[in-house]
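Both of the next two complexes hold chain A, though its partner changes from chain B to chain C.
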Partner chain A sequence: MQLTLEFGGGLELLCDSVKVHNVNVDMAKGAEKLIMKDLLGWVHTNLIKERPEMFMKGDTVRPGVLVLVNDCDWELSGQLDTTLEEKDVVVFISTLHGG
Partner chain B sequence: MEANGHDEASRILHELQSLKATKSDIDRRISALESQLRHLNLQNGTVVNTSALPNPITAAHHDLTPEMIHRYSRHLLLPSFGVEAQSNLINSSILVVGAGGLGSPALLYLAACGAGRLGIVDHDVVELNNMHRQVIHTEAFIGQPKVKSAATTCRSINSSVQIVEHHEALRTSNALEIFNQYPLYYFFAQIQSVSFNYIVEMLPLVSGAALGLEGQLTVYNYNGGPCYRCLFPTPPPTTACQRCADSGVLGVVPGIIGCLQALEAIKIASAVGEPLSGRMLLFDALAARIRIVKIRGRSPQCEACGENATFTQQQFREFDYEKFTQSPLTPSLNIPLPSLEARLPEISSALKEEEERNGSSSAKLYVICRRGNDSQRAVQNLHKLGFTSARDIVGGLESWAHDVDSNFPTY
Partner chain C sequence: MKQNKLYFIFSKLHISIKKKKNPKGWFLFNSQPNYIYVEDFQKRRAETIVLEKLKWKKARRRSRRRPGPACAVTAIREGPLSKDLKPYSRECFYEVFEEEIHQVIVENQLFKPGERVAIGASGGKDSTVLAYVLSELNRRHNYGLDLFLLSVDEGITGYRDDSLETVKRNEIQYGLPLKIVSYKDLYGWTMDEIVKMIGLKNNCTFCGVFRRQALDRGAALLKVDKVATGHNADDIAETVLLNILRGDIARLSRCTSIVTGEDGPIPRCKPFKYTYEKEIVMYAYFKRLDYFSTECIYSPNAYRGFAREFIKDLERIRPRAILDIIQSGEDFRISTFTKMPEQGTCERCGYISSQKWCKACVLLEGLNRGLPKLGIGRSRGPNNDRKKGTKETNGAKSIESKQCGTLDF
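And now, the complex of A and B:
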């Protein structure tokens, strides 16, 4: 499945400072759909190069990371159970503080 | 004779002072009532659409003096702003927390546009390495309090705005006292540290941040939108919060976000437009891209603002954010079990540091995890690797919350 993954707010530092990743994620054998929970595992294995604890905590993202599926908070689409579709854009952004 | 004259003068001064105090008290009460009324009208959906007025200048009721009409004439000419919005703004109280990179442009515009009462909170002094982004300050004020410098600039731009200086850091212990001086309207802030975003739940908050070449902006606690805690029920670890002083920031980036903060504050205070509530603006300066995303609404389960919220003012005053976000034992290191071996040098140097600090010969090493399983494995490994002092905290953070500190958050 073709997806565009974007990292911002400093999270790009965890994946070689590359902000935008056009990726092809295969579904698990026998699975009918790809959900966010699967994608997080895939990102953790394939894209995160350092300090994984800054990205994930338990089986979800760490507090302070906002996840957007097609520019919409994943809380509104079912969080870890959000079903992904071909050409979806998923953004992981760490909220900033100060200035 | 001279003594009598002196007595008379001090009597008059005294009376003047007390009359002024009474006047400002009455003004405050009038504004508070007006604000309440405006809130009621907003809730009832009876807000007057200023654009429907044929000629805003001739609108019957407003608080504008002839000088104000002249000063703000370009605002008044705007069909979607006009007299009513300007009157609302002039009667508003806005608190700006931090006169730094975001606060500088925000304050310049809020003062110029005619916010009625403008509070500035900052404990810091102006430094040369602030000047590239904190554009409200001038070289003449290097070494002086930012509050004083910012207030001087604001007054020189618009002497009709009441500027209040709070030369102190915003803490849980003084925050409510400061906020209560801004009863009429909207609490607007750029916040230096995550902690206040996390616990300031009561008032509309225009929250902005800028770091490096990126900026973010949203409005919390407004019109059915979420509070910070709705968005992040568990606070981010302090290690996840970078600072400009550590990571750098391009001067114009906070400038842009600060200007947008001023715009949102003006929209809220004057009751026009659609404030950025329930949405978040993400700015990427390098890619020249602004993206506005939809975020969740107010959570009924939120501990701070939800239906069964139990967070009281007293709890707020006593809230210890550090304690809330840190593990029960500090200092501590967060090491995932798989990388334990690779990070042994960190443990060694942390132990040495602790020994030096306490002047003791052996620092104690405890291992804690969420439920107490991984920590047992970690202790076994540590013993094999020569850290014989390692001890396991049985039952992990969950037991800690259950048996030791019932206020400790579980996840």
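And now, the complex of A and C:
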């Protein structure tokens, strides 16, 4: 499934300073649809090159990281259970820095 | 009864006028069911004002590939953003955000027409959004303010020099004159030199104390009447928790005020006191505002990090907890038996201080004499005779090393 992932707010430093990634994510065997939980696992394994504790905490993103799916806050569409479709844009923005 | 009906009809027609005259009265008269129930009165008012405005406008339907939940204000399905876990369309989100800030400014009487206001700008998300929103509101609601950008250069390579470039870009983008004050000019030390001397612990004490004075000095140079900083609700909740964890009663009683230092040289205000950090980031992201987003390289050792982790975990479970902590901080009443420090002036520099010398002078003296621990470490204030943690050598007896109580703002 083709997806576009964007990292902001300092998170791009964990992915070799690349802000936008156009990726092809394979669904888990036997799964009908791709949900955010699987995507997070995929990102953790494939994209985050250093300091994974800055991005994830346990099963979900670190508290303080905003996730927007198609410019819509993921908390409104079910958080970890949000289903993703072809050509979706997922943005991760960290809020944990000085202002 | 007839009079009430007539009044109700008139009240609907004269909503815009009534809102200016007597906002509270207006709200009571309009008990229509399509107003959204929100816990906080301010947020409620901001939303109803936006709702009324939009009723008189035509809302266009934008089709998206996948419509999200309906916007709480216009009930139109447009890929929305969330605020307080309620959905809003993008335009409504901007309007409600700006309207809330406007209400906070008006209700707390933060500014007067004709004032010169310096915005503490670090190039980060809060100060960039503050500069943008304040100049926007200044224009829209005619506050009549003269705005300036004031930036402090601590001399941290790899962090501050990059964010200063951002502030210089902001100067051009928003058309606000910029002034930069640096630690090197004011105190003769940069943060990098200080850290080399004292190590990686207690850096934030030096940086914070020096920065507050630097902001005041810069504001005095600009001859402004007020300083506005971008502290948001999350920051203030963290400060309340920090002060409880350290037992700092003097600061606890002051840290939730929206205007601080009124009896000092230049008062400071925090227009973002009730705004969540998340909203600020979303606003900056969607408006494509230019900001710098890297943590200070010395911050992983800061004590505030623990309070921040805790607050973020709380926010996940119940976002409202942040505003509730601020509310608790405002409602704290100090027991009459606790002795509070009294305010005087520093003997060396004339700055306000509750001890003989202000904290910045104590720290500076320590640095210049090669006594990095001078001024660091706990002693319980005038109440208690215990003095522990300070490594003083002879000659330092004349310097009060008690915890200075009045240097936060």
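Everything that follows uses one rule, which is that the second predicted complex is superposed on the first by the 95 of 99 C-alpha atoms of A that agree within 3 Å, B and C clash if a C-alpha of one lies under 4 Å from a C-alpha of the other, contacts with A are read in each partner's own complex, and residues count from 1 in each chain.
Keep this in mind: a contact is a pair of C-beta atoms (placed from the backbone, for glycine too) under 8 Å apart; a residue touches a chain by one contact, two chains touch by 3 or more.
Everything numeric in this text was worked out from a predicted model, so none of it was measured.
Asker: Clash or fit: how do chain B and chain C relate after the overlay on chain A?
Answerer: Verdict on chain A: clash between chain B and chain C.
Asker: A:His97 contacts which: chain B (first), chain C (second), both, neither?
Answerer: In the superposed model, A:His97 contacts both chain B and chain C.
Asker: Given the touch rule stated above, what does A:Gly41 touch, chain B (first), chain C (second), both, or neither?
Answerer: In the superposed model, A:Gly41 contacts neither chain B nor chain C.
Asker: Using the touch definition from the top, say if A:Pro52 reaches chain B (first), chain C (second), both or neither.
Answerer: A:Pro52 contacts chain B only, not chain C.
Asker: Touch test for A:Gly78: chain B only (first), chain C only (second), both, or neither?
Answerer: neither
Asker: Which residues form the common part of the chain A surface touched by chain B and by chain C?
Answerer: Comparing the two interfaces on chain A, one with chain B and one with chain C, the shared residues are 8-10, 62-64, 66, 68, 71-73, 75-76, 91, 93-99.
Asker: Chain C touches which residues of chain A in the complex?
Answerer: Where chain A meets chain C, its residues are 8-10, 13, 62-64, 66, 68, 70-73, 75-77, 85, 91, 93-99.
Asker: Quick one: which bits of chain A touch chain B in the complex? Just the residue numbers, please.
Answerer: Per the stated touch rule, the residues are 8-10, 19, 52-54, 57-58, 62-66, 68, 71-73, 75-76, 91, 93-99.
Asker: Spell out the residues on chain B that touch chain A in their complex, using ranges where they run on.
Answerer: Answer in residue numbers: 98, 100-102, 133, 190-194, 197, 208-212, 214-216, 231-237, 239-244, 247, 249, 253-254, 257-258, 280, 282, 284, 287, 291-296, 334, 336, 370, 411.
Asker: Which residues of chain C touch chain A once you look at their complex with the stated criterion?
Answerer: 64-66, 68-69, 79-82, 85, 87, 90, 122, 124-127, 230, 232, 235, 277-278, 280-282, 285-286, 293-296, 299, 308-309, 312-313, 315-316
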